[in-house]
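Same chain, two partners: subunit A is paired with subunit B first, then with subunit C.
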Partner chain A sequence: MVDVQGLVDELVSKLRRRKVEGSRATARLTAELLRSVISQSKLPATNQPATLIDAVRGVGEKLIAANPIELAVGNIVRRVLHIIREEGHSNARDAVEGFRLSVGGDNDYIVEQDHLNLSVAAQSSLCRPSLHALLERSPDSATTYFTANSEDDSEEKSKSLDPNARSLEFRRKVISAVNDLIEDINTCHLVIAELAVEHIHHNEVILTFGHSRTVKEFLCAAKEKKRSFGVFVAEGAPKYQGHLLAKELAARGLQTTVITDSAVFAMISRVNMVIVGVHAVMANGGVIGPVGLNMVAFAAQKHAIPFVVVTGTHKLCPLYPNNPEVSLNEMRSPSEVLSFEEFSDCMDYRIGTGASQLHVVNPAFDYVPPELVSLFITDIGGYCPSYMYRLIADYYSSDDVVIQQKHAS
Partner chain B sequence: MDPRRASRTVSDPKIRQVGFFAPPPDRSLSGPPDPISTATTTAAAAANTSSSPPISDLSPSGNSLSPVMIPPPRHSSDTAHRPAPFPPASPPRRGTLSLTVGSYNNNIISSSPTASFCDESKGISVKVSPTSAASSFPGGGFDATAVKASSVPASGLTTVSVVKTLPPGFTETIVEKVGGSVEMQNDLPANSKPLKERTSKAERRALQEAQRAAKAAAKGSKLPATTSGAVASANAKPTKATKPPSQKNDSATVTSSEKKGGDRPPEKDRKKDAPHPRMQYDDKSRVEKAKRRAVVKQTEARNRVELFRHLPQYEHGTQLPDLESKFFQLDPVHPVVYKVGLQYISGDISGGNARCIAMLQAFQEAIKDYSTPDEKTLTRDLTAKINSYVSFLNECRPLSISMGNAIRFLKNRIAKLPLTLSESEAKAFLQSDIEQFINEKIILADKVIVKHAVTKIRDGDVLLTYGSSSAVEMILLHAHELGKPFRVVIVDSRPKLEGQLLLRRLVGKGLSCVYANINAVSYIMHEVTRVFLGASSVLSNGTVYSRVGTACVAMVAHEFRVPVLVCCEAYKFHERVQLDSICSNELGDPDAISKVPGREDINYLDGCTNSENLQLLNLINDATPSDYVSMIVTDYGMVPPTSVPVIVRESCRDQVWI
Partner chain C sequence: MGAQKKGATRFSEEPEELARVPLQAILLADSFTTKFRPITLDRPKVLLPLVNVPMINYTLAWLESAGVEEVIVFCCAHSKQVINYLESSEWISHPNFSVTTIESHNSISAGDALRLIYERNVIHGDFVLISGDTVSNMSLTQVLKEHKERKKKDSNAIMTMIIKRSKSSPIIQQSRLGTDELFMAIDPNTKQLLYYEDKADYSKGAICLDKLLLADNPSISLHNDKQDCYIDICSPEVLSLFTDNFDYQHLRRHFVKGLLVDDIMGYKVFTHEIHSNYAARIDNFRSYDSISKDIIQRWTYPFVPDVKFFGNSATKLERQGMYRGSDIVQSRSAEIGSFTVIGNGTRIGNNTKISNSVVGEGCTIGSNVSIEGSYIWDNVIIEDGCKLMHSIVCDGVVIKSGAVLEPGVVLSFKVIIGQQFVVPSYSKVSLFQQPTKQDSDEELEYADNSSGIVETSSMADTVDKSNGQLTSELLDEECGPTYELGTGGVGYIWSICEGSHEEEWRHSIAPIPADKLAEAMQTTDDDLELLTQDGSVLPPSGELKPDSNYSDDNEDPRDDSLYFEKEVEATFLRAVHENIKEDHVILEVNSLRLSYNKLFTDCAGAIFYSLMKLALETPHSSPSELCNSTMDVITKWKKLLKSYLTDIDEQIEVIQKFEEVCLESAKEFSPLFSKILFHLYDKDLIQEDAILKWDDEKKNADEADKVFVKQSEKFIQWLREAPEEDEEEEDEEE
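The block that comes next holds the complex of A and B.
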């Protein structure tokens, strides 16, 4: 038996120390952790979804608190919660169906009505149905959903049908859904990369910023399809991940040019498209990206150049940003921009008077408002910033949006 | 308005007519300038001196303004140290050179003269028929050497090397200019006795001059400008039969503009005589030609960005040792100029004002040591000399626009020298002109800018600046001295990180500073109330041409509705227009991109710099569109970017009439 608590603590401490960085790695680790939480947690005979939700939520809260800036953690926790709710819902529906089958359709109106009520109750207690669920559901149950009123009196009746088998089935389904999610996270960049040829034409010049695995795969996929195009890579101080990306792209045979971040404005007039990877996508269609991205977006807007964000769906965050430059940002070490050795005399220049003369600002992230983003390319297709809220409604349950506050209150 | 009108009406016909109509009869190529022009120039000069504060007032204050001044002593001492190893080494070196190179030695030894200089000599030399040139070989050898030696008194090394080193370089350049057939002739004798050849060249030149003077005199007042222009272009044709037509055009204009001497109308100069004809480096044949002339042996950078083929880019770090070793084989470049050139290469002098002042002071020195060779006119010969210096400096590092303006000013002054002046008087005249330019256009202008800009700083302001601009630094320091409470945000970017120097100086003075990378500019811009930017130049469409990154900062400030004030002296304004940062720019050392100082963990690009697919682009400047500029603070006051052409026009008029 694996010690779940130990695993949770390990990831929490990793997150807190920023040993895990990058939304993809974080998302994968979180999902794997939650999977083991689900598989290890003891489920009571009744009300399994609710128990499981509580367990996941508890772990998720810890993880989110460990690194509130890493929105991918929260996203994955919400995704898993959503999975549990959906499975619980369909489980309950199955129970209804099974009961109906067992009753044999003996036009016992009252019984049927009861169970329809039950299914509706199960739904409404777990989640509001997503658009997806609504469309998939059979028409009759959809109509009943709107007409019936909820009564939770007969829950035991349904669960008592064959509780053990159903509980195992439920857990299995949830875990397989979480496995699908992990698989999605691992392969989303490949799925996105398949769209590359549709967006890059021959002889195009593309500007990118910093390092992103998704961008790399996207560009390389286009290259493999025999497109020939040039790439400008802005280095992305203070991490200089652009150097890494440039090296990898050059190794794959792409014509790559490294420029400094300050030359972005100078060069963007010769660029056909800006393609960047981001840290997180907010519900309003704004993005959180590496610091400096806002400048690139402004420059692209000034020259009317498409600003394209490639992102996996695990970066979709159901939160709306409020003052994101400050609230969703963190400060990195000043030593990345200014060497302590050289400026030690300035740092303590006024220590005697207590007034610090020198501050160094080194934020990690930048917020790009939705109006500067032209297009999102995700593993489920291309979308406008204005459509993000709808995607979010498909992937998250609205009850989960605020995880922390709900528990705190 | 009235006085200006009057003067224009006087001058205009003269200026406009030259080249198309008959000029006033008393004007001739080499003769004294007509009384009107001398009168006007002297009057203007007098007016100028009276209106401007006396120089004596200025210079002490100028010294106190440290940021603009360059500290030369260190380098002079450096160079003083250097002599020890080299003098003994140089003679053998020379010998080996000539031995190994064989018949081409002349080409190789002679490295310096500039594009314009050469072109001029070409234009001139064509006049002399090959036969006369050939016949003149044996004759004038020795006095020409003497001339040469006398013209380079400043070099400490006259003793040993003048005879050997100097002449070949000089002569060869001339030979080269003269064109195919003459060059062949020269080459034969040259192998055995470069000395003789050189002298013959010089002599031939002198002869030419004389001929031309005679011709001009004979023609009297007839169309001096047109003639010379026509002659130049006509001459250009035969010589350039081998060269591509585009080049022909260019050199023709250069030659004609060079020729203007003292008697060409200044307005024409202004149009034709671009300080350095901007070379397009994607034109292979021209590059080859320029390379043969170059003092600075540059190796082309291997891995160049396709978009910037038209700009020069060389391997950095390779030229300096080579040049240092050549310090004592003086080409026609004056040692002071040479030193400044080396400082440009090594980056010891950077920043528009510092570079410009260093150059002007070097020219001042050079003029002080200058003496007119026999049978030459000071105006023409000195202009040629200055041209060769300028092209040398240009090889060291592409000239900034402000330097171009300063050079134009200087050439203008040389051209306008009254021919009645004796040589020493003329030299003193020029030196004081240069002094005045430095004091008035740079140092005093900075003070005026500071005075204006300080009024825009309110208590509690947060001022953002980018990189390190001397004008902005003075403004901040002055405002601090006035006791205004404000904070400074210094935004900086790789690879130069000049902001760190500014940061250190400001913190040392007790200002409270925030330092940020350029990527953080949109984070920090929320709290900023004013943006002060320096500029390398302001172009007449309002575009601000400045250190790369300025455009980004101005753009973000514009988006955040923060006013952007550009501080720039009026001498940096230029009538050129530019829309992007690509057509004309400067490329820095690409290797500076791959290495991040102080961050050893960033080594992804180590060893990849030779990859065919990977290029590193180190742009030096960029162009900020005028939309982003709220106001330009200059010595004429605070103006919107739309008013730049007015200032350009006014200051050009100034230059013409000073």
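The block that comes next holds the complex of A and C.
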């Protein structure tokens, strides 16, 4: 038996000390941790979803508090809560159904096997129906209905007879849904990359900013499809992750040019499209990205060049940027900007009023408002910024959006 | 898949490196100094809050993040407090990071501590040696690798010191952390440390390097722009070395210097310079101030107030570097300046101004208070209209309305400052009376520190019993305190002992006052002039030894004068034994004077010294016999001496030389001082003006130096009264 509390503490301390960096790694670790929380928590015979929700919430609250800047933690916690709720509803419906089956006999209700899709009952109880699910439901159920119907009956009969088995079944479903989530997080950049050929054309020049794995895979996928195009990489001071990306792209055979961040405006007129990765996508369609991104977005808007954001759905955050719970920025060590040893002489507090005349500020993130973003390319397709709220309704329950505030106060 | 790879590398980075032997660290939770008194009488230094977090947490958090798996915390002073704190902290239960404590009550130095740890046999491999007041965010991976590789090649490379560039101010010879100027000689290729001097004698404007150092090493770079971070990577041999050399006390002064000087064992110390990362140690109040400000400006990221690097409470970073805890009640009219930290549950009244300061938790600050550059710890009550400038205010202090703290004030725990009282600058106020015994010797200081602890615990008990009673008790016991700190004030102002008076402004958190700065500037200018003078007097180095001009330039002038004295003595003795004429001796001494580049005063001193030595060597059985023989010698060589005693300065030099001789080389002369002085006067070798001037000069000297003045008091008095008689006599004669 794995010590869940120990695992939780470990991740909490890692998040606190800023040892996990990058939203993908954070999201994956959070999802894996929540999976073990779900598998280890003791469930009572009744009201299992509520118990599980409480357990996940408790852990989630700790994780979010550990690093409030890393929004991916909160996103994943909410996603998992959402999964539990949906499974809970479908489970409840199943129980009712099983009861009906055992009592009344052969009422032919549509039974959905695919737990990712929402059942009609669950949808009705969730205040908002998921458009995505609605669209996808009919073919799915059409295929599964006939094949699964017979065994379904028996399964549900046994479930209705044995609450223990049903609880196991519920847990199994939740865990497999979380597994799918982890899989999605791990593979989202590949899925996104498949869309590359539709967006990148021959002899185009693409500008990107800083380093993003998703962008890298996206560009490489286009290259593999025999598209020939040039890439400008803005270096992304002060971390200069752009240098890393440029090396990787050049190694993969892409024509790459490194420019300074300040040269973006000068070069933008030669660019056909800006493709960037981001830290988080907010509910209004604005994005939080590496510092300097806003300037690039402005440059793109000025020259009417599409500003495309590639992102996995795990970066989709149900909060609005004006929410006080959202710490938009992280002030990192000034030593990334200025060497301490060079400037320590200027920070001599002994002379004058005792206050240093030299201050260095090193914010990590920039906020780009939705009106500057042309398109989001996600692992479930391309969307406009104005559509983000809709996606959020698909992936999150409205009850969970305020998770932090509830617990913080 | 890609993500998994990424995650995997992230995780395995450090553990893989150190999988074989768990990396250990020794954390000394005691600085073995008294620089933070009187605060440290109540609480150990490592538990003092640094930007509202006990210092030791910065050290532990850094060790944990740097991949150290086992920390041995050595507790000495207030060991119970440290242990209790650690046990209730989250460090004890931390996975993959074990914190064990070793307690000792009779260790008085870092040396003792390491000897005890060696006896316990808990260190199995290379370890990090650090004290509990170090703040850093550097990565150890690189330095550990370097250390291990060096160790593999050369088993004598037992220690790697972390250094960092930090120029010390040329004006006051101190770094920004308030530590003394540090000189290091480092081999630029191997980074081996060859020379370490942190207590250089500024007055000389020179440092002394061993000639061999220059002969043995093809290249040396001499630095005074490095700061010692007091983070050492040590091999286990270090501990056994401490055990072998039981007189090693201080890590730097004894151990490092010992290793550098002693080349029998051939142990070597290396340095590792860090550039962008932060590392510094809180050595005194000045560095407490500097490091606090660095933390607020986030140089120590991720160990900054708004990151919960240990179980601390939530603090949010707001615009312009303002950190605010939760539940702060702040008046609308209060002005909180930038780079300020306000702790949880603090209340701030109307029109109060706070800038560049740290305010702890649960403080109550009244209206119209002005706080500038100060550190206010927890649960402090500051009433209306107070003014605080560059002060440290400990837990539970009450500052009554209208009181003023001038720059550099330190208020220890639970002190009460009376209404309208002005605490003078640099004063330290405590509930405890100042221990009367003040010794410059560090070990003794500590010893009486331990007596302070006993006092503390008993005092703490009374505090626990009843707070109000304590106040009244104190009032009953001593009427002093009430008077000392204004009406209603409780506590004692510690008098600043003579020795450290000069140092007070150097180590205080207050910025250096302008007049001191001007003064220091003046002296540096003088020093520079002096240096240039010396430089002009120095003969062209080529004349001496062409092959070693560098070393000669760096030689200590004292050595030089010692050689000169010896030469003069030898010349003189030859003259005595071979009956050489006085004129010839004068000629020889003069040539020596030129070759050693000395003044006539030096010659006079040297010859007089030789005379005294000759007198001492002639066999004698009683002081009177010695006196006689001395007088004989002086009479015999009167002409020689006289030829160098033309000037009053030379005569004073001889008197001073005589004093020196009496004090150091030939104590037998000390009772005869006044007699011989009289004899010199009698033989017209020393004129009365010289004696009187010497007496005048000595008036301001220390008691110890006045022994001989006192001895010859009567003689001097006679001289002072004599002139009139002399004149009369002369008149009569005429």
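Here is the rule we use: the second predicted complex is superposed on the first by the 341 of 409 C-alpha atoms of A that agree within 3 Å, B and C clash if a C-alpha of one lies under 4 Å from a C-alpha of the other, contacts with A are read in each partner's own complex, and residues count from 1 in each chain.
Criterion: contacts are C-beta pairs under 8 Å (C-beta built on N, C-alpha and C of every residue); 3 or more make two chains touch, one makes a residue touch a chain.
Computed from a predicted model, the values in this text were never measured in an experiment.
Engineer: Check subunit A with both subunit B and subunit C modelled on it and let me know: fit or clash.
Structural biologist: On the superposed model, which is not a single observed complex, subunit B and subunit C fit side by side.
Engineer: Of the two partner chains, subunit B (first) and subunit C (second), which one does A:A45 touch, if any: first, second, both, or neither?
Structural biologist: Neither subunit B nor subunit C is touched by A:A45.
Engineer: Please work out whether A:L168 is in contact with subunit B alone, subunit C alone, both, or neither, and reply first, second, both or neither.
Structural biologist: neither
Engineer: Taking the superposition as given, does A:C384 touch the first partner, subunit B, the second, subunit C, both, or neither?
Structural biologist: So A:C384 meets neither subunit B nor subunit C here.
Engineer: Which partner does A:N186 contact after superposing on A: first (subunit B), second (subunit C), both, neither?
Structural biologist: The answer is second: A:N186 touches subunit C but not subunit B.
Engineer: Applying the touch criterion given at the start, work out whether A:S339 contacts subunit B, subunit C, both or neither, answering first, second, both or neither.
Structural biologist: In the superposition, A:S339 touches subunit B and subunit C alike.
Engineer: Look at A:N362 in the shared chain and tell me whether it touches subunit B only, subunit C only, both, or neither; answer first, second, both or neither.
Structural biologist: The answer is both, since A:N362 touches subunit B and subunit C.
Engineer: Between subunit B and subunit C, what minimal C-alpha to C-alpha distance in angstrom results from the superposition?
Structural biologist: 7
Engineer: Which subunit A residues lie in the overlap of the subunit B contact set and the subunit C contact set?
Structural biologist: In subunit A, residues 336, 339, 342, 349, 355-356, 359-362 are touched by subunit B and also by subunit C.
Engineer: Please output the residues of subunit A touching subunit B within their complex, sorted ascending.
Structural biologist: These residues of subunit A touch subunit B: 230, 232, 235-238, 240, 243-244, 246-247, 249-251, 253-267, 269-270, 290-292, 294-295, 298-299, 302, 325, 329, 336-339, 342-343, 346, 349, 355-363, 366.
Engineer: Along subunit B, where are the residues that touch subunit A in the complex?
Structural biologist: Answer in residue numbers: 305-307, 492-495, 500, 503-504, 507-508, 510-524, 526, 548-549, 551-552, 555-556, 559, 580-582, 585, 593-594, 596-599, 602, 604-605, 608, 611, 613-619, 622-623.
Engineer: List the residues on subunit A that touch subunit C in their complex, please.
Structural biologist: 6, 9-10, 13, 16-22, 24-25, 28-29, 65-66, 185-187, 189, 213, 217, 327, 331-336, 339-342, 344-345, 347-356, 359-362
Engineer: Hey, which residues of subunit C end up touching subunit A in the complex?
Structural biologist: Spelled out, the residues of subunit C in touch with subunit A are 1-4, 6-7, 10, 61, 64-65, 94-96, 137, 164-167, 169, 174, 176, 178, 275-278, 286, 289-290, 293-294, 297-302, 304, 306-309, 314, 316-317, 321, 339, 355-356, 372-373, 390, 509-512, 517.
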